[in-house]
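The same subunit A turns up in both complexes below, where it pairs with subunit B and then with subunit C.
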Partner chain A sequence: MSVIRIPAARMEKALGELGWRVMAPSGSGRRGKYIEVGAGGKLPLECGDHTKPSAPPKGIVWPNNEVLLSYSLGLKGEIDVKGADHSMGMTVLYGTPPCDSASFRVLDAALLKDMPEPGYAAKRESFGVIGMACSRQDRYCLCTSVGLSPHSTAGADLMVYPDGDDLVVQKLTGRLDKLWAKLEHGAARVPDDAFKAVARKFDFKVENFAFDAEKLAETLRKGFDSPYLKEFSERCVSCGICTFLCPTCHCFDIADSAADERNGRRVRTWDTCQFPEFTGETSAHNPRRERWARQRQRVLHKFLYHFQNHGHMMCTGCGRCIRYCPVDINIAEGAMKLGGMK
Partner chain B sequence: MRDYNSESAALRRICSDLLEKGAVQYIVAWTEGEDRPRVRETLIEKGRADLVSRIVWSPFCTTSTITYLKKNKAALAGKKLGVVVKDCDFQALNVLLQEHFLKREDLVIIGARCDGLADAELFPRPKGADVPVTSDATGVGVGHASIRWEDSGFTTCLTCSYEHMKPDHVIGEYGRKKGKPDWKHLTRVLALPPGKRREHYAALFDACIRCYACREVCPVCACVECAIDPGERAITPRTPPGEKACAPQWASHERHVSENAVYLTTRAMHMAGRCVRCGWCERSCPVGIALMDILDLSNDAVGRIYHYEAGKDPADVPFLVSYAETDPDDKGASH
Partner chain C sequence: MKDEYLPVVAEVTDIRTETPPGDRMIKTLRVQKDGKAPFAHLPGQCAMISAFGRGEAMISIACPPNDEYLEFSILLQGAVTTSLQYLEKGEKIALRGPYGNNFPVDEWKGKRVIVVGGGIGIAPLRSIYGHVVRHPADYAGLDIFYGARDSQSIIYKQEFLDLLEKKKAGVHLSIDRPEPGWNHFVGFVAANLTRAAPSPKNAVAITCGPPIHIKVTLDILKKLGFTEDQVYTTLERKMKCGFGKCGRCNIGEVYTCTKGPVFSLARLQKLLPEGLPDK
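Up next is the complex of A and B:
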């Protein structure tokens, strides 16, 4: 295993030399945001609920507004269609908590396997994640219930463990080798025992919701027709908060937007299973007209369907959907009750 | 000093009575959830003593029972309902009654006099059921923890002046002098030079992710089909294809500053004389947009120029459908 110890300033220096675009959480909650850290900007030194913005980082590679093509109709009737360039300059995400890092494992599974989605694939090519072990939970965190932990490395290319004034850095993939080469040069290797001792500091149990999601998935199927679904969703207002703030939700809508009679573009935006029209068909039939059917889709997609298809939970336990729900709809409580675990 | 545990107990007695005597078929009330002191709106029918025992009234009843009625309108149509409201919910209810969205005779209104709301997240989860929840003129307390009203996270409550609630049953007494609408935040924004003001609003519009939470939580946003990006279209299997194809698209799906501006300003205009300044949209916004900076542009005009107070009385004529030849123009000049 490749693990090194470096002074914290060295990471800033190495990233600065590479000239990559660095995105990092700034602030927390509704006022927080993943923003670009400019040249010489300070990188976050630790992570936890106090550094977790309400909006997740998925928008960097899966934007809420993405032009897919633009078209124009010439005066002689010639049609010109231009595809969009989806590439982006090399970008790294720094200091994400494990729940946000793990979101890229989920997005990769959904958008790269079998039939890669061109826009996402192009951006993902030049995108790396430097995750950070988490030191502070809030009352809605549930990472340890969904098979992750405050120090899990899923989705990260490099993992950083803050240790005093130093950073212990673990290499997980070859995606950020250029950075790793700079960090590794002359740095002290960390032996296995010492690394375990560092990682142990972040080995706290998050006990807000005591369930094991993999066991839950086994029983959730029985909840498909549960009468509890109506109680669970009766106060749902059908807004997009739970899904738009979810680091792994990736449903979208495509619509043409005409600038005038001859020009326009086709745009992809986020969409959500919680909007009534999401499953609306042109015949006016809507298989999920009722809120309980839409909430069922959300719970089962997070805790059952994705797990069946990809072997890991689609929920990464960040707790945003619970914390920011205007009407206190709690997906963990709902999943446990649907699965008969509560 | 108000003691919300005993006020809740009184509320539970009223609700239980109404249900047992058959005065109502259902009660919509706030109950304690799993994340105390946070509460949730709940529909309670006769025989659900387990739910009645969880009914609660406190400054953490920040959600709107009227939104619950709005969202469950079809299921509750024609039912005799008891509904627990605080002052701003009562105002919102008045707006819906004025517009004949609900019928007064279907409702038994239980009004809780409100001194202001507080963000439940600012308090640790109370341990045990009997932890006192209190408030006085200065702030809110849960057990040993307390915060001042100014820090409660609810700016609209500080300037709430509504005290005309006429419910069928009433809970509590005001323990704090009501405020006056002040437009300090708006005055500050409007005093900016035009370029800076534009920047201020552009930043608000730019942050919007179009989750439509502001529209959905709003107790008086009641259109079946919203003009902006309808969440639900009023189509049936019999709607002709031509009509569906020609549905006007007032704002595109695109999420950028100008399209977001169309959404947010259209909503503000539509809310003129209807917005009761409960502030739930602003505190629901997941990306912290200062929505009252937008909504208060029309609220201010409605109050200052037309001297109209939204939702003051159920018998009032709705602002946007009333007209008099003596109405001042939009600069406030009389004719």
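Up next is the complex of A and C:
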């Protein structure tokens, strides 16, 4: 395993030399955002619930609005279609908590497998994640219930463990090798046992919701017709904020935005399974007409369907959907009850 | 890397008005690119058709596989499909595909094929019974059960009469209520199927139509002794991307656009019962 110890300032210097766009969390909740670290701006020194913005980082590679193509129609019925350029300058995320880093494992699985989604695939090519071990939880966190932890490395290319004035940096993929080469040059290697001692500092268990989602998946199928679903979604106002603020929710709509009768663009936008019309067919048949059916889709997509298709949970345990739900719907409680664990 | 969103621009080379103008008008479009099919397909697959300014809609391909053309029978009812009614012969159309899985026509060789269509549900079935008509030596026979609300709503009428006349298939047409001059069955497709009671011996049955049609047909086929491996259906779901990403068409963990729309009853019964005909 490649692990080095560097002074924190070296990371800033190396990133500055590379000229990459660096995005980092600027603060917690609605005050914070994943924003570009400008010249002279500081990289976060630690990470935890106190640095986690309300909006997740998915929008960097999966923007809310994205042009897919532009069209122009001729007077004699001709059609001219031009594809969109989805490329992006090299961008890295820095200091993401493990729950947000792990969202890219989910998005990669959902959007790149088999036939890749062109926009995401193009941006992902020039995007890397420098995750950071998390040192503070709050009452909505549930990473240790979904197969992750405050120091899990899923989705990260490099992992940073703050240790006094130093950073211990672990290489996980070859995606950021240019940065790694700069960091590694002359840096001290960290032996295995010393690395374990550093990682152990972040090895706390998040106790908010005591369940093991991977075991839960086995029983959730039986909860499909549970009468509890109606109770669970009774207060839901179908606002969809749980999905828009979710770091892994990626469902989308495609619509034409016409400039005039002959010209326009086809646009992909975020959408949500919580809107009643999401699955409405022209014939008026709608498999998820009721609120409980839509909430069921959200819970089971996170804890069952994605797990079955890709082998990991679609929930990363960030807790945003619980914290920001206007009517206090709690997906962890819902999943536990549906799976018969509570 | 292939940009999955980019459609092929092709030409509408023929338009047949199947049912008279009204709120359930059906038109069949023949689409070609430089005199050939815009892309190859297998029976049961679909394509995403563009009406620029309105959007896209997933439409089943209503012709058997061939090199010359694709055909789509479209019920003009939604935002995209109603705007397609203004297309004229010779105009361009944009489409992408093919999407989805297909009827296992090779597995079915040597068997009798029975299709049971209700309303516009006959369109996707035309890709399979048309294939059987083109390859009569490969199959032990063909029976087509098809019903619509009234005689005006019956599509492909002349084709069916030709099949009957040339003894290429058993064609069992029906309409819901009596009409003067109608000399086929009167009643629901289900009643017509019950009356004819086709034998399950060495046969496969495929059904498509409104959810209630599928539900009733599956029940009748079970009663006639068809096993769950002998019965197939093709399902409709709202779709936006067509390649397993947008999150609308899933039934449990299965995305209809990639792992469907064709399901054997055996597979259907293993799915979570979300919005399925029996729910």
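Miscellaneous remarks
By definition in this document, the second predicted complex is superposed on the first by the 335 of 342 C-alpha atoms of A that agree within 3 Å, B and C clash if a C-alpha of one lies under 4 Å from a C-alpha of the other, contacts with A are read in each partner's own complex, and residues count from 1 in each chain.
Keep in mind that, in the parts below, a residue touches a chain if its C-beta (ideal position, glycine included) is under 8 Å from a C-beta of that chain, and two chains touch if they have at least 3 such contacts.
Everything numeric in this text was worked out from a predicted model, so none of it was measured.
In the superposed model, A:V237 makes contact with subunit B only, not with subunit C.
In the superposition on chain A, contact is made by A:F224 with subunit C only, not with subunit B. After overlaying the two complexes on the shared chain, residue contacts for A:S2 are found with neither subunit B nor subunit C. Between subunit B and subunit C, more residues of subunit A are touched by C. By the touch criterion defined above, A:G280 lies against subunit B and subunit C together after alignment on the C-alpha atoms of chain A. Looking at the shared chain after the overlay, A:S87 reaches neither subunit B nor subunit C. By the touch criterion stated above, A:L69 is placed in contact with subunit C alone, subunit B being left untouched. In the superposition on chain A, A:E78 makes contact with subunit C only, not with subunit B. The interface of subunit A with subunit B overlaps its interface with subunit C at residues 253, 255, 280, 282-283, 285. Listing the residues of subunit C that touch subunit A in their complex gives 1-7, 9, 52-57, 77-78, 81, 87-88, 90-94, 210-211, 236-238, 240-241, 243-253, 258, 272-275. Touching subunit A in their complex are the following residues of subunit B: 33-35, 38-43, 63, 67-68, 71-72, 121, 125, 209-213, 215-217, 230-233, 235-237, 239, 241, 244, 252-256, 280, 284-288. For subunit A in complex with subunit B, the touching residues are 29-31, 54-55, 64-65, 139, 234-241, 244-245, 253, 255, 257, 267, 269-270, 272, 275-277, 280, 282-285, 291, 322-324, 326-328, 330, 333. Listed in rising order, the residues of subunit A touching subunit C in the complex are 68-69, 71, 73, 76-79, 81, 83, 110-111, 113-118, 121-122, 221, 224-225, 250-256, 258, 261, 264, 266, 271, 273, 278-283, 285-288, 293, 297, 300-301, 304-306, 308-309.
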